[in-house]
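The data blocks that follow each hold one structure.
The two complexes that follow have chain A in common; it is paired with chain B in the first and with chain C in the second.
Take a look at the complex of A and B:
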């Protein structure tokens, strides 16, 4: 009988151990998810078909996955950069909504010359997202309000704002549904001719690579690591702690805002009540699984995009509910996090 | 207890310590920080197992392997940090301590015995209140009642009055006296001679892990005796005052800062530090040393006063600016505010100079230059087990301190604040650190050495000041320091 045991932090977990535990966690998570699906009525034989073949091995599936991954990369990065300085941005959805509102405003009112329409939407979406997170940041710095609470609750406020607009001034005049009219084509990312995939992919790739470069090779990235690991020591050694933290938190908000723009200008071409749903949880999952590393964010976002694609198929053909898809994401996340725990600590019995 | 020895990581904390306690007495154990008082009592209470020696209770040899065995033998200890679960009530904490074999099974039963015990020994404790809601003094009373309920007839208290107001301390000490008159025995670990004189029957003095005065009646010893025995041979190290002090490097005037929940206040601290000089600040830990360092470094705001570095007031500047002006620090806790565990050694060495642009412009970072520079420092300071890319967390204490020295003693050093620079280090590493500081000072820097280790202060300093209750209570040239003077100030009788 194991009465007592100690958790001992491993000095330097090797690459092999880390990868093995990661893979092990993924496998357990997928197995449990598969069992859940089978229990919900999906024939076991169809699982492989829908998941692997339809998602990765058909041109349609792959383009859909890539399209779905674009906003995921942005929200994943948003969550990751804030995580680097230990700021828990649980309001990704709120900032995303604000970005979507800002770009919708530009698109519907035709602000600026047509050639600059998308860049204008991009800039305003980024500013709107940053402004929204700035509220939480201010509350934290001024009165010590926990950002987990304030960002989360401001997410709901942002959604109410969207509803206010959709049921008010922006209601579609054609049929009175609570969605905006379709944007003029100048506000669309052009289609690349492969499924729904659009030119937004270049913007996302550019952003992701720049953030990777900044985090790994620049002075700001170095400051971010120092501040995130030990803010007190960073302050005592004379680093600009406040500036670094504020900069990265605002960047996080801006990235979420751009994700909102990516969705309305890339795939929906209008604002409706569902464009932002589910991105908060996905952002956290991606940032955790990628360990806040920008390049891994891209990889994990594609994997999650695949889950969404497969989920859509499951929803349509096997009437699996949306909640089931979220449940699967959660299962995979928890099992990988548990596996990571055991690659960081070893279990020792007292002698 | 006879001939007790105990080492941690090869460093002896106790060597040949002895202690004799009689029923019906309050017995004080006095000594400097690190003299081995707490270690000896932790051995007695079964927290540590001694490496060697003989222990007995009522003439019967015992060998305690755990606090539970000690409790069964009638020995209970109230630690400086209470062993209470904050989210439980007092009664639930007692229930937890009693364990499975006890007859008391429910919180209600436990509450009843807590109330009864509290009445019996005259310490008011409400069994139904949650520990988190209790004040420090109330928690201490709860802890005492708990320890007594677990069967303690010998009560050991580790600096119980350090966290109390004077009034609360008097109440507690008279309780200890009352308890001893009922036939129990009480051991009091303390720094304060006043408490010893007023409330204790006998006193044992420890120094460097040895017993130097074994249970003398309090009436037979004077305060000067205690001061001399506590300080001991630390003063045989000849203090060498500086013959020709350089210009004033650092002047602190009337520095004050308000106390907060976890912070000692600082009142009207003033001193001058000259180039080429080491000013040692001695004092028992927790008398404002941490706070002083934080204020000098710019981590805490000051309420009044000025900090002049080379004639310029830096008291409003942020830490980075103070560094640029030549202020450097060796903090008492290396990994709290000096080094960053998770970063590589190269990163840690470059930490302070990157903002100034020594490794690339405002945007790009020149990692290769950082690595090369780190490799040089590792050679120059003989940092064992280090490569530029290894994380700092893998270094031993001594080698981590060398990384810190390599960084802080580098270019631009004018004033070095060294806070307990050899804490936790072995002899060899200690000597390395001290000679590195000496060399830096001979090269023209000034050093403010803040340490709880009197031997360290005496062996390095040109002048010695003593800190007590947030103020500087005295300052002398190293040659004029006497045991009576320093002992009296340490114990708080300025």
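Take a look at the complex of A and C:
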């Protein structure tokens, strides 16, 4: 019988062990989710039909997944780059709202020439998102205010700002409803002709590949890891710790801001009170599952997009609630994280 | 966005209908809508269908459609007001042969209009929507007519000459309820003042209860709610002051003190409209369906035990006058809170101006958020 045991960190868990535990965790998570759904009244046969076939094997399902994945990739990257330098950005939604506000401002007021409308929206959304996270960064650097608290609270402030605008200057002029007027078409990403998928996908692909290059193949990525693992040691080695951390945190805010622009210019074509909801949780899930690796962020975002697509089917035809879909996400996340724990640590008997 | 402009009057509507019939005889219905396949109806809600108010009133209409028209009716709840998520739900329904789609919030309107263009043989009905087209009709009700009658009940009941109303957000369809309630009370006694407070939420029972108490503390002795929760009525029942409910008969929350509730009877719109869609005789209104007391889409729930016969008679008389077109809650002389004239004597607020109503009328105590 095992009376005492020690948890010992493995020096270097091999590729096989890591991938097996990851796959195992995924399998356990999906099985538990499937059991939850069956318990909630979805017939097991429908799970195969709706989950696998409708989501992955139909053109509509795939285009919906791809469309939903675009902002997810951006918020996932936002969370991931900050995570690399151990900055917990819990204000992804706040920066996203600011990006949405900035691009809405450009779209509604027709700032700049029409041909440059989308680039203007992009730049301002990125700046707005970066500016919003800069507040938390400043508070942390100046007074040591915990960024978990400040980014989270600033997220609520950003939402109040959106409400202030939607119930004030931006309310629909025809009926006072709290939604903006529809943007002029110059501010829309054009449709590619496959479902609702739009040209924003090229922007997202460009951004994701650039970040992959910077994080995995440039000096900045190496610095980031050094700062993340041990900032003091990095400083002692003479690395530009402050510059790396500040740069990546601002990049995180900018990416969230661009996600806001992606939503309003890509699919909504207006600003309302619900466009940014739920992205914070998704961002954290994606960054964790992808272990903050840019290419994995893309893969996990598409997987999560597929969960939303499948979830939509379940919601429409089986009255499964949004809460159940979030519960499934959480279940999968928890199982994978627990499995990762066992690939990182081993149990040892005392000698 | 298209200007929301609602149809002028019942008589003009009748005229339009006649003209449409004549036109369709002449041009063999160039604008006619035909349903493809057997009728299958789907209702999409942004939150729970059993919310005790707005959705539940539509849900009653849905059940009537199912029972009276004997067609399959599906329900989906909790689809957020986001274009991608709503569109995905619509696509799924259409793919499975559903061809009459009912959206239940204004936030669905624009994405529904895009879907309506993509599926010309599917009929779309958008509750409190803003878009209309050859296969899409928005519908709302002249709730202000009911609130005017409720205002009379409140005006008759008050002794302190101060009444209160709790509302959600400062949008046109809410502002006209508050204003009409105040005007109804003033028709009883021009000295009556109406305290109006926005909760800045559509559903927050705890906060609503606190606001209700704050209104009572200001010496208001009648309390109305323009929201789905019954918190204000609970507070009124506890304080023993008369109350007015909204959307559904809320007498269960305040059996002793309730005067009446302004209620939606969506089946009076949904059943005939969906029947027309199935028959092939449907002509979507160019500016949306906007019915009131005359069709019974809006009406008052049965009066509470403390309502006097005199009050009932007054309300009935006003109701008949509104139906006959002799009385309009927003007729001149109408003044804003600050004294500026909205309409001179003899005129009335037209439908477009109703939708964009962003002011309180004279006699309301409260602040409209600045633009």
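Basically, the second predicted complex is superposed on the first by the 348 of 351 C-alpha atoms of A that agree within 3 Å, B and C clash if a C-alpha of one lies under 4 Å from a C-alpha of the other, contacts with A are read in each partner's own complex, and residues count from 1 in each chain.
Here is the rule we use: a residue touches a chain if its C-beta (ideal position, glycine included) is under 8 Å from a C-beta of that chain, and two chains touch if they have at least 3 such contacts.
Just so it is clear, the model here is predicted, and its values are computed rather than measured.
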{"item": "Room on chain A for both chain B and chain C (clash or fit)", "value": "fit"}
{"item": "Partner chain in contact with A:217 - chain B first, chain C second, else both or neither", "value": "first"}
{"item": "Chain A: partner with more touched residues, chain B or chain C", "value": "C"}
{"item": "A:182 touches, of chain B and chain C: first, second, both or neither?", "value": "second"}
{"item": "First, second, both or neither for A:59, with chain B first and chain C second", "value": "neither"}
{"item": "Touching partner for A:45 - first (chain B), second (chain C), both, neither", "value": "neither"}
{"item": "Touched partner set for A:225, first chain B, second chain C, both or neither", "value": "first"}
{"item": "First (chain B), second (chain C), both or neither touched by A:234", "value": "first"}
{"item": "Touched partner set for A:109, first chain B, second chain C, both or neither", "value": "neither"}
{"item": "Chain B and chain C, minimum CA distance [Å, superposed model]", "value": "36"}
{"item": "Doubly contacted residues of chain A, that is, touched by chain B and again by chain C", "value": "none"}
{"item": "Of all residues in chain A, those that touch chain B in their complex", "value": "11-12, 217-222, 225-226, 229-230, 232-240"}
{"item": "Complex interface listing, chain B residues touching chain A", "value": "297, 299, 318-324, 329, 331, 335-343, 347, 351-352, 354-355, 360, 362-365, 367, 391, 394"}
{"item": "Chain A - residues contacting chain C, complex", "value": "60, 64, 67-68, 163, 167-169, 171-179, 181-182, 196, 267-270, 272-275, 277, 309, 312-313, 315-317, 319, 321-322"}
{"item": "Residue ranges of chain C touching chain A (in the complex, touch as defined)", "value": "1-4, 74-85, 87-89, 91-93, 95-96, 106-107, 110, 130, 169-173, 175, 200, 352, 355-358, 369-371"}
